[in-house]
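Next, two complexes with chain A in common: one pairs it with chain B, the other with chain C.
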Partner chain A sequence: MATAQPLYVLPGDTIDPSLIPTHKKLPLRLGPGLRHIPPSAIVPTVAGQLVADHKKNSMWVEYNGGRYIPAPNDLVIGQIQRSAADFYFMNLTPFTSNATLPQLAFEGATKKNRPQLASGALVYARVVLANRHMDPELECVSSSTGKAEGLGPLTGGMAFDVSLGLARRLLMARSREEGKVEILELLGAEGLAFETAVGRNGKVWVGSDSAKTIILVGRALRETDDGKLDVDQQKKLAKRLIREMK
Partner chain B sequence: MPREIEPSLNEKQFVLQALQEKFRLDGRQFDQYRPLELTFGDQYGVADVAFGKTKILAKASAEVTVPYADRPLDGVFAIATELSPMASPAFEVNRPTETEVLLSRLLEKTVRRSGALDTESLCLVAGQKCWSIRVDVHVLSHDGNLIDTACFAVVAALRHFRKPDTSVEGGILTVYTPAEREPVPLSWLHSPFCVTWSFYGDRGEIAVLDATWTEEQIRVASCTISLNRHGEICQISKLGGTPVEAVALLQCTSIALTKAKDFSVFLDKKLAEDTKKRNIGGFMAELRSENDR
Partner chain C sequence: MASSSSIALPGQLLGPASKFQPGPGTHIHQSNLYSSLLGVVHISQPAKAPGPTKRLTKITPAPAPAELPTVSVSRSGVSEKREVLPEVGNTVLCRVIRITPRQAVVAILICGDTVLHAEWQGLIRVQDVRATEKDKVKIYESFRPGDIVRAEVISLGDQANFYLSTARNELGVLLATSEAGNNMFPVNWKEYQDPETGVSEPRKVARPY
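Up next, the complex of A and B:
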């Protein structure tokens, strides 16, 4: 994955050709933060860590901050603004244009039987379509299997705002090794019962029977985020919060 | 004009439920402020105040002007508040929102009309020349409780401020530079502070201090009490919202007094620290006749 020495780039930097992965069959894929300027220049558009995946022949820039820009297959937590005939208009980030969620894009939804969501309800959804000059489109059901796969309206609980970087780290398949964030596992290991849904748009929904647990998880996330805590510090934080709760 | 997005139903329900169970989102007590930070600038009259993530910068400045015709013996004192889009995209330049109007009005009532600054001392030549003191309030980041933060910042900036020394001889006014004469502090009479309570529940039975932005959006009523450390109340404003029991309000006022005392002690301490930092060498350094040459 990442090379031993992390490489940081600034917008407009020239990238050394030796860093660009090559592959016999796969075409090179550019992720967020990089831009291809024809014929052959690849230029970073943000400041951050340059990461290359040689197996998948892709490269991107890891950065924290900025505004969330929807991309296909991102999991997001949206808030219903209003409902139209066939669509819900959803808000992913404040002060941006709405995303649309078709009312039939829920598991088992039919014309007659579809979820009625009030304005202000939270929905965990996947981004299907995200073009630069169009409103993004969401879905709560996998189009291939027809199953919800954990997506859908979120009832109860509380949504906390976190930075985009932390949301991305939490969503990584191996969040502990790659993302260096372990706080949720640590709190779970201490015996707290809660469930979470992480939205790539910087929202984390925490659900639990006890309000105390939700607040504790929210505080743990905020302190991890604000203090940029590493794994050891997260361990200490988890212990401290559990002690405070008792 | 972009509107501020409301908190989601889940957030609204949860915050209320937690408050009923006596919890706040950030683990604070109901009558506890967020950590208060105050830094003075290099210049006199610049105060940077932060309550948690709410951050306000106030800057005091002075210039010589002509007094108002109907008040020839008074100086001019004005507080300028402008909420810029930097604090939130919902604020627009040159189009004051309700928040902004209320904020400037409350500051006006608390600081100006309570006579915290002796405007008569600003008069230089009766009917002809006076000092005009102006405080600019800049909201750098908005996470609720703008009123208390802004009031604290204004008071801190004015108490830190020094205006140039002047003399009048034979009808000629001389304004001295800081090199010629040490600038002089304003004639300050008392330090008022705002303490804002937010109320929750059907009858406003839950009272909370220093609400964050999320809490502020959900509250059913709010009440701002302005008072100084002697317990002299400058104003109480409860603008609409759910009615609150009088006894509960009395309780709020007495807690507000302890908070005002805390603020006062904190501000005095910070001012003393700043004076010490500026006055390196003390009186002896001033008396010495040797110089760098």
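Up next, the complex of A and C:
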């Protein structure tokens, strides 16, 4: 938790050794945005806020980049470009190569019983394999339990583009305290009925029975993102949008 | 017959297949030998001269193939220097260019002991990486782009690729570079280690002789 002023770093800055957390038992873990140059230098590689977690003995850089780089275990929303034998080719981000999603990586799929998905359909999937040398691979079923756990095709609704930073904050476990984003909970508390799926690649899918609700939630997300609203401003935004709808 | 030094064009008739043995740079079409290249024609003497006929009434078979002179066409004009091509069973050294989940695309650099003039492309399919547990092989844990690999040619393949295999202990990755950019040393049959950072990376390691 940042008790002092948040520290913003640029790529290549030297980090004061006093900021590096120490722990009796756990080794120091570096998250995204930091690089270890042996023997003892830790250098940021992106511009952002340096965050340290003393309990888990880890540190990383929070940044709002423009390009999504797939990492294993990320939840993403992809669109099917085409289907070949045994694979769907998914588009995660524009102008990048397609990610592959095996047709058998769905819950209850066998060779005789494959999912029938048309190209253009949205799918909520998890990244299995992602590295610099190969195209990313996805799955829609948890490999250990065999259950979908919320993954799979997203029917109806609409997908909105958000910035990567907002997508990350929406996916945080405690989005209200740490991510400072509460807009979806506020709109739900005001009585709107909708469901959402957030993809780490900067996409949020909103599904609801009423098209007005979908558009309203999409607008709320867009205004939160563009205006960089904090929690109080988000409360005012939610009330204003509900009032306009009525 | 002395070795003639005439020029042959591609498709030029060199002689009947009953009188000559086809060598490099020629092909047979309808029992005639034609040149495949633009180059100088060389006729080499057979290994042993055909023996004299002993009796007029003895039926002797047509001269065996080893006794026929070999005709070949070569570009550079010297009959010994010809393009070395990888054959099935040769051990080759190659560099990994690209990896996909089902195969690794490599460029064949050295065949046996000769450095090749042209770079031939080879494929190492995922089922040819190892001899055991073929269905559990992950290409990303066996090869990375930039590795130097010792492999064996198993098939001449199609127009674009040779097919290679690393399914023996002596075959596999010889030289690997880590993500940090340092040369790595093998630790066991499936790991290379960077001496500077201490990080291990998985590869299909070739057993050193």
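The criterion applied here is as follows: the second predicted complex is superposed on the first by the 243 of 246 C-alpha atoms of A that agree within 3 Å, B and C clash if a C-alpha of one lies under 4 Å from a C-alpha of the other, contacts with A are read in each partner's own complex, and residues count from 1 in each chain.
Keep in mind that, in the parts below, a residue touches a chain if its C-beta (ideal position, glycine included) is under 8 Å from a C-beta of that chain, and two chains touch if they have at least 3 such contacts.
Because the structure is predicted, anything quoted here is derived from the model rather than measured.
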{"item": "Touching partner for A:P38 - first (chain B), second (chain C), both, neither", "value": "second"}
{"item": "Partner chain in contact with A:V181 - chain B first, chain C second, else both or neither", "value": "neither"}
{"item": "Contacts of A:M134 with chain B and chain C, given as first, second, both or neither", "value": "second"}
{"item": "Touching partner for A:A118 - first (chain B), second (chain C), both, neither", "value": "first"}
{"item": "Which of chain B and chain C A:A211 touches, first, second, both or neither", "value": "first"}
{"item": "Superposed model, chain A: greater residue contact from chain B or chain C", "value": "B"}
{"item": "First (chain B), second (chain C), both or neither touched by A:R219", "value": "first"}
{"item": "First (chain B), second (chain C), both or neither touched by A:P94", "value": "first"}
{"item": "Chain A contact footprint on chain C (complex, rising order)", "value": "98-101, 139-140, 144-145, 196-197"}
{"item": "Chain B residues touching chain A - in the complex, by the definition given at the top", "value": "2, 4-15, 17-18, 21, 23-27, 89-90"}
{"item": "Contact set on chain A toward chain C in their complex", "value": "36, 38, 100, 129, 131, 133-135, 137"}
{"item": "Touch list for chain A against partner chain B, complex", "value": "79, 91, 94-95, 118, 120-122, 154-159, 205, 211-212, 214-215, 218-219, 222, 244"}
